[in-house]
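Below you'll find the structures, each written out as structure tokens.
Two complexes follow with chain A in common, the first pairing it with chain B and the second with chain C.
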Partner chain A sequence: MDSSLPLLVAVLGAVLGGGLLGWSFRRASQSPALGAGIGAVAGVFGVGLFMAPLNFCTFEADRTTADNVFGVLLIAAGFLLIVLPVRWVALRLAAGQRLIGAQSTPGAFKGTVLPWLFLLPTLTVLVLFLYYPSFDTFRLSTLLARLGTPRTAFVCVNNYTRLIADTSYLNSLVLTLLISAAIVVIGLVLSLTVANFAYQPIKGAKIYRALLVWPYAISPAVAGVIFLILFNPTGGIINYFLGSLFNLKIPWLNDPAFAPWAIILASVWKSMGYNILFYLAGLQNVPNDLLEAAAIDGANALQRFVRIVVPMLSPITFFLVITNMTYAFFDTFGTIDYLTGGGPLSSTTTLMYRIYQVGIRNNDLGKASAESIILFVLVIGLTYLQFRGGERRVSYGA
Partner chain B sequence: MTVRTQDRVAVAGDQGVLAALKRLLPKRWYAHLVLWIACGLIGFPLFYAILVSTQNNSEVFAYQFTPGANFYANWDVVFNISKLSAYMVNSLIIAAAVTTGKVILSLLAGLAFVYFRFPGKWLVFGFVLITLMMPTEILIIALFRFVNSLGWGNTYIALIVPFIASATGSFLFRQHFANLPAELSEAAQLDGATPLQFLFRVLVPVSWNTIGALTVIQFVYVWNFYLWPALIIQGQERQVVQVGLRTLLGGDSAVRFGPMMLGAVAASIPPLIIFLLLQKQFMSGFAITRDK
Partner chain C sequence: MLKFKTLVVALLALLAVVPAFAQDAVDVKVWIAFTDAGRLGWAQERAAEFNALFPQYNVTVEGYANYEELFAATALAAEQNSLPAIVQYFEVATQDARDSGYFKSIAEALGDRTEVNGQAFNLDDIIGPVAAYYTLDGQFTSMPWNTSSAIWFSNMTILNAAGVDAPPATWDEVEAACEKVMALDSAPEYCFTFPNHGWFFEQWLAQQNAEFANNGNGRDARATEVTFASDAGVAVLAWLDDMAQKGYLYYSGAQGGASWSTVDQAFSSQQVAMTAYSSSDTAVYTQVGVDNGFEVLASFLPYNDDTGWTGNLIGGASLWLVNGLAAEVEDGALTFLAFMTNTENAATWHQTTGYIAIRTSANELLAGEGWFETNPNFSVAADQLATSTVTSATRGAILGAFPAIRNVVTAAVDTVLLTDSAPADVLAQAQADANVILEEYNLLNAE
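And then the complex of A and B:
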């Protein structure tokens, strides 16, 4: 590695950060010099966020091009991760705006120590059991580490670059996205349809609603156990029905083409209660006079549903897409572990299931941590979308 | 309601046998039909599990749709041989502990966020908010190492303490308190109440819906713990019910469906009871974002 490289990157970060914030401040009619100063500092921290702990190892002489590219990506990611939030906060502070919305403090109590005391238990738990493990996951992902052995070796970004070349990992990534998409689409379409009927003013609506939402309380693991008998190849009741009705016999749990569907169906069943619950709540916010006006104009029930109800529910749908994706990523673990154990032929090994297999069963902590970080990035993307969706929901007033 | 009148007019306008038939059927019969099918499909897996829990394997393989004669034999396997009740007690202990702890910590955090002005509040707020992006599952390996290094392996504490605080709980109460009238705290201050007196005498009595909602979410969440206890709890003694169900799967050779389904049903009863008891609070109190 060229020893002047860190300095060069730092200067680059300072120039880019300073330029970006200086320009942003000028556009917001604030002092460009102040913006440039803040941006330069943020930029230096940003480019160093991942590279300083890695000691610029991706640019050492014996590194491959893939490592170099990965290093550049890490520099860019760190830069954006620091500079964009700083820009947001700095612009708001400079304009004298509040940072956390309408923060009414009705009849505030006096005391500056007391609130910290009240927050202390929460903050302690969050730091110890969420922040520290997050940080440690990053650290582990650059190491060769095993449970029970204190010795570790620094391997730079090898755990990541090994993954890119690993077809079983890429298969798992695609599989996870496909299973998630299926759970989201099938689950939400069914839930919205059912919720729309359960919302109508009919006799016994309350009883219907109670009979529809209870799977919320069933665990993913129990869903796996129950579907184990429904899908059982010899004594399974689903094949019994399919056999007597259509003369079909599907090897649900033994065939890589069908096993993911067993997981999808069990998960859709388990999460429908939650989805219907939220759709029922959302339907209460669809104004009745709008539906009545449409009915008078001659729109039939289906047209009213497609043209009015579905668009009015889009904020709820959006929220449910995110929560169902999260469910598909993480909570399906229990279902998979009981129903298929990740097989057959890894056809139900989702990213989360892989982390467990690689990290715990194969005891490769570094590789499992690298996989965790990649899943982390996916979740951060989802959460970001959720926040943007949340803002939009507020502005629509729905 | 105009919509309903419209439908009725349309029905009356139809002629012939079809109209007569329509008059015989209940109003919105199609909705009843769809809901019957939906309730049936959603209920079927649990219904069938209950049915199988009374049967032995030969009754299961004969697709017998009446209760079998083996409920007591299955009961014996589940509760006397596999001791599922002991696992259920463990789950109950940690679910009750986490739920109680989280309600109290979240009430305190909500109090600090809404009823105090202090420098750096927005930073703390952001600090808590960011944890929404950190699902425990992703951190499971680092968390496992850390909790083990604290010497908490194989203890209830490992199942309780890491989960008694969360952004969801804090923000649920923050939002609820922020929507309460300001007169509440002003009156309390005039009466010379301390913040804690204000919290427990004034805020808690008007927050039961939110507390109920958080209780349902937390109880169900913790009762359903699977991966974490499977890793951190080694022996049978302190294991939770979702992992304990595995003992009913038996070895590779003889899967006995009856006990397995009885166990699955039994393991679902406590969260179902909590959910059904607090359903009203849950529905009215939720502005929930995550089950965390």
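And then the complex of A and C:
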């Protein structure tokens, strides 16, 4: 590595940050010099956010091109992470606006000390058990570290860049997206259908509704055990019935073509209760006069459902897509662990399950940390995309 | 009102007594990787007996779901300085246990003593293969407790119906028996199965006198490379692949710790006629036959006809003494270790589970009672080990990150059984992957 590189990058950060904020301040009719000053400082901190702790290791002489590219990306990401929030804060402050929206609602706290005091217990817990471990994950992800081994070794960004060439990781990534999409789509379609039936005014509807919700109350591990008994290829109940009815035997758990479907079915069943609950509540908010008007205009039941009920439920569907996505990414772990253990042929090794295999089963904390940070960024990105894309199509009513 | 008063008095009395008890007895915590009533329960009963015998100690036994979880819990406890006095580590974690620095060897803790608090260790009484495994650099390192070997269980009711009189002893005999079994009108779904656990690959490798790792299987010096992708290793995978393609071998798709229960289910529901398994469950497997009306016969694990049989290795786990304990806790822990593995307890532990009775005296005691004559299945594992030739291959490999490397091996078996890939290629790739893991482990741990 050229020893002048850190200086060069810092100057670049200062110039870019100063330029961006100077320009922003001028457009907002504020002093460009002040903006440029703040921007330059923020820019230096930004480019150094990841690189300073890493000591610019990605640009050492014996590093691969992938490492260099990753280093540039890290510099850019750090720059944006610092400069953009600073720009927002600086512009508001310069314009004399408060940072937190004006609190004129009745019953809101007037001072600043008391509300923070009330927030303190929650913040303490969050910092100790969520934020600190998260930051430590970043540090761990640059190490070769094993559980039960006191010594560690710094490996720069190897834990990240090695994944580019790791086909099993890429398979796992694609698989996770496919399984998640299937769980969300199949789960929501089935739930809406069932909720619509359960919503009909029939005798004992309340009992049906209660029974439909209870799978949600079962832990993923118990669901895994139930489906293990159902799907078992040799002695399972499902194959027993398929065998006696159609003379069919499906190798649910020991064939890579079927095992993901076993996971999807079990997960859908598990999350359906939750989805149905929300759809039942949503159905009660669909105005009856709209449906009656449509009926008078000659729309049949299917048309009324597709044209009126489904659009009216879009806020709930949007909410459920995000919760189900998160469920599919993180909470299918228990079901996978009991049902397939990630196999056969890694056909049910989702990214989340892989992190467990690498970090706990193989004790490789560094690699597992790197993979969990990638998963974290991935889920944030997906949620952001959903918010961007979803908001336009969601109708929150008049 | 009177009742309420009595209750308050009783509570106060209890509060006064409890701390007094706690102050007197030295706490000795034991962590083991069993949660079932048979094994955790047995250990807790021994702890209760021990506490009654030695009121100055309070031994508590806590169970963890499996070896891996216990391993993780131990590492975390070490970081927080809250290690118990005794931890159970499975045999392949032996190198990790040594490198961790958490533990002290039994020999070192004993020093010149041969007994603690009147409880004799009699380390010479421990049977050969077991003592050989846990003797490292000439020192008795950890206390063996649950020791098993891989053996073969046959449903003789099915085999006899197919005209097979005795369990197969070799791979060719397995195939011949399977041919007959699967020709039955009432043939089971598959002929045999095995748990896809790294241990079985290691057993079949050792039988052919092939080492798993270099430097004398890691016994002469720290292992720096694994060598399992040898002809012997490929032969194991090729045989399993051949049996699967002929429709004889049932593979449940489960790997590692999860594989045991899938085999239990297939054997007890008679979906298969034979299986490889650990002798640790001899009691359960024998009883399954009694409960479901078929005869279960245990025998040596079948071996490769082409290379012959050298011997089999042990499995199971041992009890490690934590380093840096207060003197009275260490003495309490040593006393309990000696008590828990004494002749009587070694014998009842064997009878309850099927793990080998690790003491010569315990085997003599059992033989004297006629136990092996009435329960022939229970002598198979001990006989298999006793007739094994001790070589560096059959003593078993000692290497770092072995649990992670096992996962690489089971994934290779999985790939061979479920795809058309050639066993030699798959195993060569697995060996390369395992070597990366071992290299990284040694980077952090080698002096």
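By definition in this document, the second predicted complex is superposed on the first by the 317 of 398 C-alpha atoms of A that agree within 3 Å, B and C clash if a C-alpha of one lies under 4 Å from a C-alpha of the other, contacts with A are read in each partner's own complex, and residues count from 1 in each chain.
Throughout what follows, contacts are C-beta pairs under 8 Å (C-beta built on N, C-alpha and C of every residue); 3 or more make two chains touch, one makes a residue touch a chain.
Quick caveat, the model's predicted, so the values are computed rather than measured.
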item: First, second, both or neither for A:Thr234, with chain B first and chain C second; value: both
item: Most chain A residues touched (candidates chain B, chain C); value: B
item: Touched partner set for A:Leu7, first chain B, second chain C, both or neither; value: neither
item: Which superposed partner A:Ala257 touches (first chain B, second chain C, both, neither); value: neither
item: Chain B versus chain C as contact partner of A:Val174, first or second or both or neither; value: neither
item: Chain B versus chain C as contact partner of A:Arg151, first or second or both or neither; value: second
item: Partner chain in contact with A:Glu292 - chain B first, chain C second, else both or neither; value: first
item: Partner chain in contact with A:Ile355 - chain B first, chain C second, else both or neither; value: first
item: Overlap of chain C and chain B interfaces on chain A (superposed complexes); value: 147, 232, 234-235, 360
item: In the complex with chain C, residue positions of chain A that touch it; value: 144-153, 232-235, 251, 253-256, 259, 340-341, 343-346, 357, 360-364
item: For the chain C and chain A complex, residues of the former touching the latter; value: 68, 71-72, 74-76, 78, 96, 99-102, 189, 250-256, 258, 265-266, 269, 271, 401, 403-404, 407, 411, 414-415, 418-419, 437, 440-441, 443-445
item: In the complex, chain A residues that touch chain B; value: 98-100, 103-109, 111-112, 114-116, 118-119, 121-126, 128-134, 136-137, 140, 147, 193-194, 197-198, 200-203, 208, 210-223, 225-230, 232, 234-235, 237, 240, 269, 272-273, 277, 281, 288, 291-292, 295-296, 319, 323, 326, 330, 333-334, 337-338, 352, 355-356, 359-360, 365, 368-369, 372, 375-376, 379-380, 383, 386
item: For the chain B and chain A complex, residues of the former touching the latter; value: 1-4, 6, 26-28, 31-32, 34-35, 38-39, 42-43, 45-46, 48-49, 52, 57, 60-61, 63, 105-106, 108-109, 111-119, 121-122, 124-128, 131-147, 161-167, 170, 178, 180-186, 188-189, 195, 198, 220, 223-224, 226-227, 231, 242-243, 245-246, 249, 257, 260-261, 263-264, 267-268, 271-272, 274-276, 279, 283, 286, 289-290
